[in-house]
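In the two assemblies presented below, subunit A is common to both, partnered first by subunit B and then by subunit C.
Presenting the complex of A and B:
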């Protein structure tokens, strides 16, 4: 569906993306990386916003800027969202329908479905400027899933959402994913774990990993240990303390290490796999 | 048309400002002038040139605000891509404004002679200020500075411009000869639109 071929992007002398190669088909992909890793730049290149210095983005084997169907099939949510403050939410979404060439006789039902998906149907007649930050984010998700978008690119979709809305977002993605390519850029590992079938890890503009969530977890297999603080010094080799928690007054460290330890290892999580990759413990 | 309707609806109070000027403030000023000087065409010409051209970029600039200044500009840019240009919006809104001027001039033609020479001049002056505002908006990625610039230009040159070559306004306008300046103004307006469009294509993407 979407192919990214040898894509590089620089801003003046700073190279942000280094020869990215990706092939994304139907499914939900999580684009995971630290702040400044190049997630947003990659998404913007994939949306046709940035022209790359090298390489190209293809949609159904056609460069996106030449593809007639790409922009009709694209649903996009940028990090910053909010315009037409004086229109109602319904009107703002209607405007997006028109921009996206959704037939006017289908707009009304498409808007109703999208707003229902994000639990904003009762706010349809409210002005955009009266919506809270979280509601605005949900409105952004609604416009991205409007109609029959085949390609949905979401940049930090869950930023500012409360826990119940995050659950709702995950359910919405699960319902939508049947025949679509959805790419969710985030630095929240839990969101990827809950929503995505596949994960792409990007660090300093390079793809470190592209595969299933299970595969990423397995990178940390036999590398995760839960140790008491007092025993921390006993861990052999190079180590990285991932989490510190207090259980009944005893402080435990969740430690990542490449060296086999004398005590049993823990079941790895997606976060452990991700940290192994970015700490080069893989 | 649906997008244009929603863009204008989004202006709310600001949408009505040019209408108030065209259909309330200007007729009231003309009435005051009629009472004081009788049906004097030169004073009508001054009033029209003072009010009409400076409000020509008003709707365009307020509509472009969401495309240039709002947090949603990235999204709007991705969706609009090759379908829509800010130049297209600007020209459509200028045409809409000219249609409103036409209504006023139709009424004025019952009182004054020579109004159609003035009408032609006002169309070109409005186009010039709209093009200037569009160029500045595309260049600065901002709509406030162009608005202030076009208003300041209109006030300074209309009230104290005299015979400066930079002045697009003309005294009199009672015959074809008084339109001498207008082909040059029209040409500059077209150049501004062209340069503005090239700037829009180059700078808009990189400003995100």
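Presenting the complex of A and C:
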């Protein structure tokens, strides 16, 4: 569906993306990376907002700027999203329908579906300025999915959502994902774990990993150990303390290390796999 | 698009920071217009009302910059642009809706103004269709296109400067200042006080003009010429369209990516270059401000700086028998003038042609004739066997404009080659010299212009032929208002045949009274064509209030017979600057224009005392003329006190002598009729005698007669 070929992007002298190659088909992808890793730049290049210095983005084997269907099929939620404060949610969504060239007779049903998907149907007649940050974020998702988009690029969609809204977001994605390519850019590993079938890890503008979530977890297989703080010095080889928690007054460290330890390793999580990658422990 | 438009209208309607100021602006504008209409009803001055009506234009344009910026910036401040760009032409569609919405809001005051203009036209009841067209054009250009330009400027500032309100409003204030006389004064001071540089002034005022979107600058007190109306030369329309299209292309470059963006940016640059080029060659425009190039100052300053030339005794050595003129009036005057001379054997020919007209070439039918141009003068060698010369030139005069809006080219002005060298502007008398041929020449004239041209020569369809000593050409809001009387129909003080007949009779009686023959050109005045010229002719000239030519008269005012007669008499006498006041009083007494109920005139003048005062005044004048700055600085306290006392005395005497002398000579003297004659002879003879010596000799003679 979407192919990224040898894509590089620089801002003045700073190279932000280094020869990115990706192939994305139907499914939900998580684009995972630290702040400043190049996630937003990659998404903007894929949405046609940025011109790359090198390489290209293809949609159904056609460069996106030449593709007749790409912009009709694209749904994009930017990191910072907003609407005219003076309009109601319904009016604004209707406005977006016009911008997206959705036929007038289909607008009402498209709006209803989109707002229902993000559970904002009861807020349709409210002015945008009365919506909370989370609601606005959901309205942004509704905007992206409006009109049955086939390619959905979501940049930090869960930023500002409370736990229940995150659950709802996960459900929304689950309902949407049939016949669609959804790419969710985030730095929150849990979101990827909850929503995505595949994960792409980006760090300093380079793709470190592109595969299933299970594969990413497996990178950390036999590298994760749970040790008491007092025993931390006894860990052999190079190590990285991932998490510190307190269990009944005893402080435990979740440690990543490449060296085999004398005690049994822990079941790795997606976060462990991700950290192994970015700490070059893979 | 309809849906987007409606939603954008809703956004405007529901935004308190937009809708409230909008209605306030509309209410203030309506009240202001109504107030000006009431003022009109009181003073009955159409063009003063017009001037006041268009004064708020700059505020309205600035308001639309504000509305468009604040509406557009909502898209940016609410982070909508990024995702709009991912829709096919999404951002452009949003911009289209915003611009359409703003155009709708702008249409309301435009329609209101247009309707008011139509009502105004109906109310003033002048029945002059070109003025109605003028009013409609004013509404469209200054209230239609200018508002749209304001909308585009606000929108493009939002697109390019984003939320940088300080920059946006600073630029708006700068734009407003460029549309006021504040910047005229500022640029004038920068150019001359700081840099003393004319090119700097040209550049600064060029920039100012490029941003001027209003018909009449805020702060300007210059009156509007009814023949010209408010400035609406093609360059004004081009500028307004430029300020719409240029920002539009910049907005479009913001909405599209890749090649389209580059194409729009390139288009914007091309439009800018094209507009600047057109602006540079804008030709004749009516400029009324402080700058050196303007109507009020240009020639006055130029001729003040130019070395003085003595024309006395100069003879051209030839006369021009025929003029064959092909005048094209587009952005300026383009002329091909064939002059046939009566003496083709001279080695050298001198002509006068105003310096603003650039001579492209001088030739006979097939051969170029070398020429030398020095300011207003052209010298050529022999005619190489021909008896004529063809002059090809183009250009403009800041005062006597000729463009697509109006033409005012009076016959006494050297806008076409005149035989010999003559002065164009008299610095001493501050006015344009009346340059007329001593003989009548035959003219064949074709004027290429979209305007209906009026001339002193008979003809029609802008083609004229006949004999005269000066060809006058007028066009614009100008018409033949009565038989052989041409004037600006919108003026209140329109000339009437009866007034001219009355003036003719007064002059006849006056010459009879003076026992002097009436000059030929003043006979049968009422049979001559009468052209009323714009009031602004007198701004920088005190000479041309009335000019009598062989077949026509040009005059600024024509209120009543005595006034016209006075001005005609003034035009034929040759006063000296030192005696201007005396000349004025002479004519006032001669034509009984003085208010005789004035108590000052009832005081009897003691002629002996007057003589003493003149002597003392002259002696003090002479004494003071010898004192220079250095002498003044070297004076001790006592001498300085004496100098101050003398200065005060001189001032008192100046006023007293100038009041008493004419009162005595032309009103109280028993020989006043003889005095009128003596002064008429003096004024028309070109005598170089000091006028105060003449005054003294007359008074002494009278005293002698009394004694004997």
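We take it that the second predicted complex is superposed on the first by the 282 of 282 C-alpha atoms of A that agree within 3 Å, B and C clash if a C-alpha of one lies under 4 Å from a C-alpha of the other, contacts with A are read in each partner's own complex, and residues count from 1 in each chain.
By our rule, a contact is a pair of C-beta atoms (placed from the backbone, for glycine too) under 8 Å apart; a residue touches a chain by one contact, two chains touch by 3 or more.
Computed from a prediction, not measured in an experiment: that's the story for all the values here.
Engineer: Have a look at subunit B and subunit C on subunit A after the superposition and call it: clash or fit.
Structural biologist: When both complexes are placed onto subunit A, subunit B and subunit C end up clashing with one another.
Engineer: Tell me which partner A:160 touches in the superposition: subunit B (first), subunit C (second), both or neither.
Structural biologist: neither
Engineer: May I ask you to decide whether A:134 touches subunit B, subunit C, both, or neither, giving the answer as first, second, both or neither?
Structural biologist: neither
Engineer: Figure out whether A:49 sits in contact with subunit B (first) or subunit C (second), or with both, or with neither.
Structural biologist: In the superposition, A:49 touches subunit B and subunit C alike.
Engineer: For A:95, select first, second, both or neither according to whether it touches subunit B, subunit C, the two together, or no partner.
Structural biologist: After superposition on chain A, A:95 lies in contact with both partners, subunit B and subunit C.
Engineer: Could you say whether A:77 touches subunit B, subunit C, both of them, or neither, answering first, second, both or neither?
Structural biologist: In the superposed model, A:77 contacts both subunit B and subunit C.
Engineer: Kindly point out the stretch of subunit C, out of 182-190, 236-244 or 380-388, that overlaps with subunit B after superposition on chain A.
Structural biologist: 236-244
Engineer: So subunit A touches subunit B in one structure and subunit C in the other; where do those two contact lists coincide?
Structural biologist: Of subunit A, residues 44, 47-49, 51, 71, 74, 76-78, 80-87, 91, 94-96, 98-101, 104, 140, 143 contact subunit B in one complex and subunit C in the other.
Engineer: Spell out the part of subunit A that touches subunit B in their complex, as residue ranges.
Structural biologist: Answer in residue numbers: 44, 47-51, 71, 74, 76-78, 80-87, 91, 94-96, 98-101, 104, 140, 143.
Engineer: Over in the complex, which subunit A residues touch subunit C? Could you list them?
Structural biologist: Interface residues on the subunit A side: 44, 47-49, 51, 65, 71-72, 74, 76-78, 80-87, 91-92, 94-101, 104, 140, 143-144.
Engineer: Residues of subunit B touching subunit A in their complex?
Structural biologist: The contact residues of subunit B facing subunit A are 2-3, 6-7, 9-12, 66, 70-84, 205, 208.
Engineer: Please give the residue numbers of subunit C that touch subunit A in the complex, ascending.
Structural biologist: Subunit C reaches subunit A through residues 1, 3-4, 7, 10-11, 14-15, 74-75, 77-80, 82-88, 90, 93-94, 257-258.
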